[in-house]
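Both complexes shown next keep chain A, but they swap its partner, so chain B is in the first and chain C is in the second.
Here is the complex of A and B:
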């Protein structure tokens, strides 16, 4: 029954794009929020560096007991607090991506199960209101791959950040920005535009 | 801030009333301190930035010495930035003065609470009253907590006074940065102080148990 196989595949594709929409919103917001936190980390690095370089005993602050250690402790606490917040945000992103990835897996599995019933000409045919099944599968899989890569790169970046490696902390804001690819973001936004009518027709 | 703003709940009188009001004052004063700290931090950052600008102006003036065309503009700029620097320093001084005011209020509370302890020793002997005034703290503990909090704010105020004096005069960028982070991160106000304050509020019934 090629008709019903196509219909149920389209239904799963709709769910996939709904999940993509949710993932995109969360990733867009989450990335901007994390950017702010990473910038704060970037600001702490020069403060820790300056503290290392200054000989407190030779400054007007020499009379203050354990100032260097106390300030270093406070700055390290600030670093830890930011890293903890970042870890929390990453966990939220991971959760949304998991849901999306699961849906992509379901769609692909359904497609593979029904390859016999779905003629290639059916899969590549498209209309003004409905993109082809093959295009839609490709968009979902590309988005899935892109978000997975983004998550991995973000995680890797965060793992390198410790209060002892000040240079990597200082360059973190710029590296964080480059985790996102403008081209891929545009492709995802385009794909969502192209399926907008398809999503409305049940 | 004053005791009259503390809602009169129940029929606490005497030492208990005074200690409960003091606990509320501690809460209000530390909040006010934090607000002033943020305000001062922004001003201190401005001072450092103006100082850096001034330095770069002075350097460019040396370069431009030969040509008389723009040196007038430069000195005008310098006067303007000096004025701004003075204004910002005035603002920071206001903040430090207000903080000093807070610390002197804290000192008075510590003295009053020591007085309460002495009164209790007079009334009940060295062992103090048989029943605690609130949940579990002996009266001495209130004086100890207040005095501990007061010492940390006193030290922090001394640090801020030094920063105020030195900030506009330092040419060392690293030292300026240390001044700024010392101002913002307040090395002498420990997290344990927050815990002490919260337990004081719990004990006196300002926070529900």
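Here is the complex of A and C:
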């Protein structure tokens, strides 16, 4: 019984870390793509500011009819398009995180179901090719929480981006970069390195 | 089991609610990976999830401070020792709902707080009712939350999941939380329960029943004026009320606001009000203006324009806070008559609360509070101390206990803590004088004299006890028999017959305040100063009631209005009028009122304690008056209005000592004088006819001096011949005519 419970938990842990690897790749790529979109959004903000301040009637372009309104409409369309793309990418990332969180939940639930057979000495034993169950559970839970909070902060940041608040839009690229935590990213990469041999063994 | 050493939390475990311990300890406690545990440490508790240490070492503990009781907030959990018995495994359910109070970094972040973001922040965290959850690591606007209720109060702790319904009760700033935690260490009050209750009611009514007050059309009371002598605890009272209702206390002193530049004082006052208004947005706020009489004197023609402008500024600022609920202004002063009348009308300082000098039971309560943490020896009787400290205010009682503790420290060995005994309190009583008697007129510091130190005069002593001591110490007996207490006592007789000493003995045994005044202190070259001095003396005596006012040589103070029309406008006649008014005046002025006589419910002590408390309560209710004792050598010079019943009720003749009395006086005077065997005090008493007590004392002194002169400085005793020789040199200070005159007066 202890052996079979440990083996099934390890099998589930392997699936959890596979999901973490896929989620990490998706989150890294998604964050980079969103960074480009937010940068474009940040570039549009000073253009809108300049358009608001300029007096086209006093420039050589005063001959063109309704030029300020048409330029503002064009820039607003660009802002709306960028915000729509950002919303799509956030939805995709949310879906990836939901799948990963479900996997972590399954692992924790399996452990809680078999706690009678898995006492502390079994959970803390580690070897050269296999980290301990305790360490692996910690890493999965930490990654789960980190990505959930990153999603929440990203969503809150995007909620502040409205066409009426140009200063918030202008500073968005810098704030977007601070959503990611280098320390946490390094920990997740380190955890994946430590379980790489464990994942290869079947 | 061995105790665990607490180590700092690893950097990777910050904001994870993890506590790390050895695997063996986890097995012995029956814990699993991630099991919730409640760790009791430093008079608080931490709710953590248990995980094994990475190095698998036993004997160490690392505690997360993410979910702690408010006492441990901002504490560093390191360099401690925790016993395994202090770690308690919990069984936590997944919560269906939780009620939280949210603390944000700044007030403008309030609108950005939503239930959804809060739920996501708390997902996966175990929470405990009454605990603070630290969320500052997430770099969001929410710094921490206070868990108010968990699962409708049926459980105490639980796990927040994605399906938990999060309810926000209030949103406040972190500054508000810090302010609340700083005020926890306030000391409890003694003897001011009724004022405390009325003050708390005045502040909390607008907060709790705003709808009812609006329906009734009532405007909330906005201001309160605390009136009382210095040291009675006005500021401490306001601090305790603010702490009890969770209000922010903004304190401003009058001298702090006053500035030298024109307009600076008004600017400082506006800034203080702005600060209080900002605090009122965060929660209830109390603005305490201490020494408000120095800030806002009466606006008369003689005061200067800057002071008038400052008063006008305060009036404008107080009128402008009508729309702010939860904002109360409290002014504290000990000279209310110096205030501008515009401040004291309803709408500004609505109520005036008078805190007088503490009475007997109030002093007992205050002594219990200030001696609460002192190691007292069993012989310390706080009831007796309360009786002996008549006229002491709260600050005086604190100084008394402090001085007694210092006496105990001086008598103890180095470093050893000796309990404070009654002897230390008795010694401290000599150093700490009541502050309302300092710098006051008629304050007398005399050595306590017992009745036995006065020879003879047994009838006079008994009459004085009946007139002075019995009403003070056994007032319930007087009330029971329907006997009214005397208002005044007149002692008259030849000079040197111990009239002043008798009054001192009576004051010592009565345990009440003692004021003494003589003609030299009373009269002043300025017109009206003598009357003012006498009125002020009586006002202070009433403030420290029960008290005795001793008027020595009263014939030189007040004259007789029957001397003729030529002296009807003299100072003595006017002083006589003031004295007659004080003796028989109508009512008591409002500012001199003591505390309300509401019954203090004391739930302590056994039968003996109850009897004592009952007796003290009777003394407090009955002892409210000032007893006047006058002494004179010429009773015929006094006005007849003074001598009627109701004023100087008891007229006691103090005769010169007779044979037995002279013998007793001689025994007392020679108690410390070594006498030869041939000295016969009986013979000396027989030969000293017409000698007064002072004369007898002088006789003994003269005999000792003669012995020193004739037998040398190494003389060891005084012989009879020196007494006889001194007797030849001295003559009695009384004459037969004086004695006849006094006897004639006594027969009237």
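Following the convention adopted for this analysis, the second predicted complex is superposed on the first by the 202 of 202 C-alpha atoms of A that agree within 3 Å, B and C clash if a C-alpha of one lies under 4 Å from a C-alpha of the other, contacts with A are read in each partner's own complex, and residues count from 1 in each chain.
Operating definition for what follows: a contact is a pair of C-beta atoms (placed from the backbone, for glycine too) under 8 Å apart; a residue touches a chain by one contact, two chains touch by 3 or more.
Just so you know, these numbers come straight off a predicted model, no measurement behind them.
A.B. asks: So in the superposed three-chain picture, is A:115 touching just chain B, just chain C, both, or none of them (first/second/both/neither)?
C.D. replies: After superposing on A, A:115 lies in contact with chain C but is clear of chain B.
A.B. asks: Is A:7 in contact with chain B, with chain C, with both, or with neither (first, second, both, neither)?
C.D. replies: neither
A.B. asks: With both complexes superposed on chain A, which partner does A:189 reach: first (chain B), second (chain C), both or neither?
C.D. replies: neither
A.B. asks: Which partner does A:153 contact after superposing on A: first (chain B), second (chain C), both, neither?
C.D. replies: second
A.B. asks: Figure out whether A:129 sits in contact with chain B (first) or chain C (second), or with both, or with neither.
C.D. replies: neither
A.B. asks: Would you check which partner chain A:92 touches, where first means chain B only, second means chain C only, and both and neither mean what they say?
C.D. replies: neither
A.B. asks: For A:47 in the superposed arrangement: first (chain B), second (chain C), both or neither?
C.D. replies: In the superposition, A:47 contacts chain B only.
A.B. asks: A:197 contacts which: chain B (first), chain C (second), both, neither?
C.D. replies: neither
A.B. asks: Identify the partner contact of A:81: answer first if only chain B is touched, second if only chain C is, both if each is, neither if none is.
C.D. replies: neither
A.B. asks: Shared contact residues on chain A for chain B and chain C?
C.D. replies: Dual-contact residues (chain A): none.
A.B. asks: In the complex of these two chains, what residues of chain C are touching chain A?
C.D. replies: On the chain C side, the touching residues are 12, 16, 23, 26-27, 31-34, 51-52, 54, 56, 112, 117, 120-121, 123-124, 138-140.
A.B. asks: Quick check: in the complex, which residue numbers of chain A touch chain B?
C.D. replies: These residues of chain A touch chain B: 46-47, 49-51, 53-54, 56, 59-61, 63-64, 67, 70-71, 73-75, 77-78.
A.B. asks: Would you tell me which residues of chain A are touching chain C in their complex?
C.D. replies: 108, 111-112, 115, 119-121, 123-124, 133-135, 137-138, 141-142, 144-145, 148-149, 152-153, 156, 178, 187
A.B. asks: Which residues of chain B touch chain A in the complex?
C.D. replies: 155, 158-159, 162, 165-166, 172-175, 177-178, 180-182, 185-188, 191
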